[in-house]
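Here is the structure we will look at, set down as structure tokens.
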Amino acid sequence: MPKKIRLGILGGGGDSLIGVLHRVAAYINDNYEIVGAVFSPLHRDSLDFAEQIDIPLHRIYKDFETLIEKELQLPEDERIQVCSVQTPNFLHYPMAKKLLDNGFHVICEKPMTMTYEEAKSLQASHKASGKVFALTHTYTGYPMVRQMRQIIKAGQLGKIHKIDARYYQGWINPIIHDEEKRAAVWRLDPTKAGISSCMGDIGVHAFNLLEFTTGLKVKSLLCDFNYMYKDNVMDVDGTVLVRMDDHVKGVIRASQVATGEENGLAIRIYGEKGGFVWEQEKPNFLYFFEEGKPLQVYKPGHPYNTKLSLDGTKLPPGHPEGIFDSMANIYWGAAKAIRGEAYDDGEFPTMEDGVRGMNFIESTVHSHKQGNVWIDMD
Amino acid sequence: MPKKIRLGILGGGGDSLIGVLHRVAAYINDNYEIVGAVFSPLHRDSLDFAEQIDIPLHRIYKDFETLIEKELQLPEDERIQVCSVQTPNFLHYPMAKKLLDNGFHVICEKPMTMTYEEAKSLQASHKASGKVFALTHTYTGYPMVRQMRQIIKAGQLGKIHKIDARYYQGWINPIIHDEEKRAAVWRLDPTKAGISSCMGDIGVHAFNLLEFTTGLKVKSLLCDFNYMYKDNVMDVDGTVLVRMDDHVKGVIRASQVATGEENGLAIRIYGEKGGFVWEQEKPNFLYFFEEGKPLQVYKPGHPYNTKLSLDGTKLPPGHPEGIFDSMANIYWGAAKAIRGEAYDDGEFPTMEDGVRGMNFIESTVHSHKQGNVWIDMD
Amino acid sequence: MPKKIRLGILGGGGDSLIGVLHRVAAYINDNYEIVGAVFSPLHRDSLDFAEQIDIPLHRIYKDFETLIEKELQLPEDERIQVCSVQTPNFLHYPMAKKLLDNGFHVICEKPMTMTYEEAKSLQASHKASGKVFALTHTYTGYPMVRQMRQIIKAGQLGKIHKIDARYYQGWINPIIHDEEKRAAVWRLDPTKAGISSCMGDIGVHAFNLLEFTTGLKVKSLLCDFNYMYKDNVMDVDGTVLVRMDDHVKGVIRASQVATGEENGLAIRIYGEKGGFVWEQEKPNFLYFFEEGKPLQVYKPGHPYNTKLSLDGTKLPPGHPEGIFDSMANIYWGAAKAIRGEAYDDGEFPTMEDGVRGMNFIESTVHSHKQGNVWIDMD
Amino acid sequence: MPKKIRLGILGGGGDSLIGVLHRVAAYINDNYEIVGAVFSPLHRDSLDFAEQIDIPLHRIYKDFETLIEKELQLPEDERIQVCSVQTPNFLHYPMAKKLLDNGFHVICEKPMTMTYEEAKSLQASHKASGKVFALTHTYTGYPMVRQMRQIIKAGQLGKIHKIDARYYQGWINPIIHDEEKRAAVWRLDPTKAGISSCMGDIGVHAFNLLEFTTGLKVKSLLCDFNYMYKDNVMDVDGTVLVRMDDHVKGVIRASQVATGEENGLAIRIYGEKGGFVWEQEKPNFLYFFEEGKPLQVYKPGHPYNTKLSLDGTKLPPGHPEGIFDSMANIYWGAAKAIRGEAYDDGEFPTMEDGVRGMNFIESTVHSHKQGNVWIDMD
């Protein structure tokens, strides 16, 4: 195996939760070394954070532009190879674009961009660049999610009929029901957070999981949002009717006002010969229904799993791996691609996932605003 | 307690599953004695069945009309007091109507009638009769369903925001995917089964559970059915967006093609202060979320439960009661009403539930056929 | 099917919980009619109760002896055929013995007798009588318990290696920790409750479940009780090491001080080729492990179940049946035996189960009192 | 925060599973940098592995003795500060001892030594050294295990009455039932694997969990092993009756022949006021029983958790962390101790845990071999 990949970090400093997740994921399989970063908007904060986590300071730059400029001056075998973009959403697009345009690989948080237009523009840059772009839809890295995908791909469910994805959280409750708070928070300000709160932040994960696992594409959708209050213009809850290839129908449900729910992502997939149920909060249990047979519970690490699933497990069965390990699997897939090694389709979400996601988010908003009508996706 | 109530049975003979359910429910709390019946269309079959379950034969009538006629000739203190209607759906309305019109109390299976019109007509007869009418939405009799209702009524969830009900089964798969079978089966023949398969048979249970537990009424709905095949005109899957009082939104999901699902009725209710999750296949576990507290799991029989819930439990905690016991609770509530004893709102589903249910079913069909538009319920 | 069996009830009046359980179980499959009883020690109470549940009063006797005497005077085709003994423990033996000696069939609550000596004496009476004797180890009637038994019998687990049964409750806590209460309660008074509290009341169920499901016999055991307080002489907690045929080892754990536990009976059985886990509080889920395969979850009512299991289920999969239905299965098995019909081994626990149970209870007491030594069972 | 701690690794090379676990745990919280190692017995293998995971090669030593010798020649601020011992069991003692004697901190896999004598000898070296010694009983690092400990410490369960720990695996089945294999495998050869297989490998984890969570000490025990075959002299299954402070009783069950079990460590703790149930394979769910209240389910990351628990969680509720994160918490605790920072009792298992563990293992063997008699622990 070649040397560790030289990784740059954008964002993720201070007590950023997403920062920890990415950093640990990068370490887990011994593939990456952090060599440069802009952790925070203030250079002083970036340096402090670098010191705190004990990263050499000389490549902690004052801003993103400087990072690009200075790194390009380094010899290619010292230069950052890939940057991980963990900044607030509105910076994903300009940063990822400039990185690709300047020959860097990119690992990027979701939502990929602020708009579908930006997504398509980024796609063009990516195509032109020939570089690796990985989108961190974390949940696709779970061994049991990978197992669903591969089993469906192998035809064991037969033709899919029905899909039902849910992503319920309750965290926005203390904000949304307080008139002052909901007016003040950036999350509910479309100029800062984009056109959608609930669908943009979590609904898109459910959408991605649905397309990732089934290999089907949503063709059209009809969406109903709930804003809860007249003075609020961002969705905090929504249900989306979806239609896919071959007259398959489904529903995507997302909520940020589902009181008491933590991170309730779940999916149910039913096909001619079998069905799957999987829940993110118990990620190592995959429920597999087959006509006329007892329910089967798949767990990671067993030889009966597919290669893609087994590749995502480090320890023997019964040793629970979690969300850090899931993200680490995505980082590993990206590492293979960056090194030019062979990798399987499905090892990490791609630019196409990002473009589909933005297409989905905008379509839900259009559907709702036009009176819950059917919108065709591209 | 007065003597046992004299019960007549219509339908439920032979190996009818619903027949067993009702008969046992009637026995369980020592409230009823079966004194007369028309178990089957053929008199010989009715007599054989009566013999088999050891019911006296002299009041086993050849048909429903004879039962009415002969029973009315008996002295009032010998006469059947209440009839339980367990026949195929299209007979519910004419039987229930004639029974009420002739002064009998009625316990009736769902769907109450074939059409909303019939439902309203039956409601009028019921009003005129002054008799008891109980609709056997079995699932409302579970102690934990009753617990949800009472806790919500007491305001412990605060204002409700979001409701999500599901009823998934997979039993129609072997029929629907076979062109010959799906053309031949009465279940998918609208002249025999009514205007809806999936929504009429199971979706309406989910709808009823939603209104029963929250006390809210669905004001309007938008529905998308899946027929699966062009030559099939009955829904075998559907999703319904619903809007209730006070801008509450929700979704009702029903499917008969959810491969591997058995009897997957479940409900999630989220309010300002808390949330509930309940699943029919584990009926004795009620999950209660409160902001900032550990998840709580309610179980039947504990003193912390409400009276309505405790009334529905016969044994101490940890002794699982099931669906027969749930139905028995409804029979018990009806018994109290028939005897003129005090009973609580919620002890059994009523005529109003039946009318609402038929309104719901028809509205979903209209919504779908008109192109997934919003339909107001009455 | 012949007429209903004429059933007499001994005990179970007033608000007796066990009374409800037996009565409903007798009704559920249309096999029995209650024709006579001594519900309570006071004749007045028996009559009141009979009136309350609407049983004819003329065969409600003042005491057990009168019941025997008067019933024997009735013609055989009117006479009580079987008596169900639901009295306090110390009456089981004299009643069951006299019933058998006088030609009545007997259904009897557990523990069958107060001592092992009594058990052997009753066994002799039973043998001499040629009558049916059914012991209501209720849990053996669950479809999934029956499934375990039949699958093991068919050899699908291979040679059994290890068995682990648990029965944990917490109900005695409020009594045992209060010096006055624990001195006053009859449950902890050996002159009234027999030689063992915890092992006699619940441990014996776990023991029975172990022998019932595996078909193995415990050959020797070593027991350690916990009395909690020096002034208490009855076990409220105990663990039993057991050795069975063929060097199989296991453990039986029972407790009445397991705070918060309701009725926590569970069993784990491991064999050469597979394993089972079953928990009474979720009786319709049976977990089946096979080497190198996903965990399988059996549920009742599916055609993949064995005949004995399917016979114990009335409704299609997904309609939860519970403990009343489990007891009803035992009553049904006894009914077949009483009518002289064919029935399968395992349809109801027998005299042998009762004798084994008393042998077990006494052996645990001897083992503990002799300093936790190994005791051979007969 | 100071610079990363300089970590040396002993063992854990190649495809060692425990190697991955430790390495990732060391990385996760940015506390450690691997600067030297002897990964494998052959120097070539060590170097290859170092290259593979991209560790500088100049401090990859040919053997342990050389590592000690050479590192001692380095200036103190470059020298390895702590070594993590991940070798086969028989090397733990000599390595840990020499490390402590030469002024290195030690992180050590369990079982700590081969014998109780060695354990006491190591304890003496540790005491003399003044260095940090952390034993990697991984499961103590789970947030919900920490939560149990702290809640019990705070008295919320009242006086503990009853403890029941289980550790069931099935992995040895393919070996033990094959006469040739069981004769050949080092795991069942006492000269290589120590005096106990099942109790030494996994039973000791259950024992440790029991003492760690309750703060109680086992005073005496009685053990029964199962060897399965006469030609096998190592336990592959065992049950241990234990007695603790204040007449508390409990049971520890361990098995390697529990077919189908993966890594089934679980604990049940019952006290005067409440009880806990926790299962390793669902580590983020802690079941808390309180008298007269609904069951409560604690999950990590919520403010209602204790500080020790919250310190062990990196992400918000609903983002499952797993066994790598659990081990990382232990490494973090050790890091604080190594840096001389404040840390809480319970952040990592200590020398005392190791000594207790070896005392436990030897006592179980003595008890069994002397005929299942009570053995006092020191």
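Just so it is clear, A, B, C and D label the chains in written order, and each chain counts residues from 1 on its own.
Everything that follows uses one rule, which is that a residue touches a chain if its C-beta (ideal position, glycine included) is under 8 Å from a C-beta of that chain, and two chains touch if they have at least 3 such contacts.
Source: prediction; values computed, not measured.
Asker: Touching both chain A and chain C, which chains are there?
Answerer: Chains that touch both chain A and chain C, as defined above, are B, D.
Asker: Report the chain whose CA-based centre is farthest from the CA-based centre of chain A.
Answerer: Using the mean of the C-alpha atoms as each chain's centre, the farthest one from chain A is C.
Asker: Need the CA-centroid distance for the pair chain A / chain B, whole Å please.
Answerer: The separation of the two C-alpha centroids amounts to 43 Å.
Asker: Can you give the whole-Å distance between the Cα centres of chain B and chain C?
Answerer: 35
Asker: I'd like to verify one number: the distance from the centre of chain B to the centre of chain D, where each centre is the average of its C-alpha atoms, in whole angstrom.
Answerer: Here chain B and chain D have centroids separated by 55 Å.
Asker: Could you check chain A for residues that touch two or more other chains and list them?
Answerer: In chain A, residues 261, 295, 299 touch at least two other chains, as defined above.
Asker: For the complex, give me every residue of chain A touching chain D.
Answerer: Answer in residue numbers: 1, 3-4, 17, 20-21, 23-24, 27-28, 30, 33, 51-54, 169, 171, 261-264, 280-284, 299, 314-325.
Asker: In the complex formed with chain A, which residues of chain C make contact?
Answerer: 288, 292-299, 302-304
Asker: Can you list the residues on chain A that touch chain B in the complex?
Answerer: Touch residues, chain A against chain B: 157, 161-162, 164, 166, 168, 170, 173-174, 177, 222, 224, 226, 228, 237, 239, 241, 247, 249, 251, 253, 255, 257-261, 268, 270-275, 289-291, 295, 372, 374.
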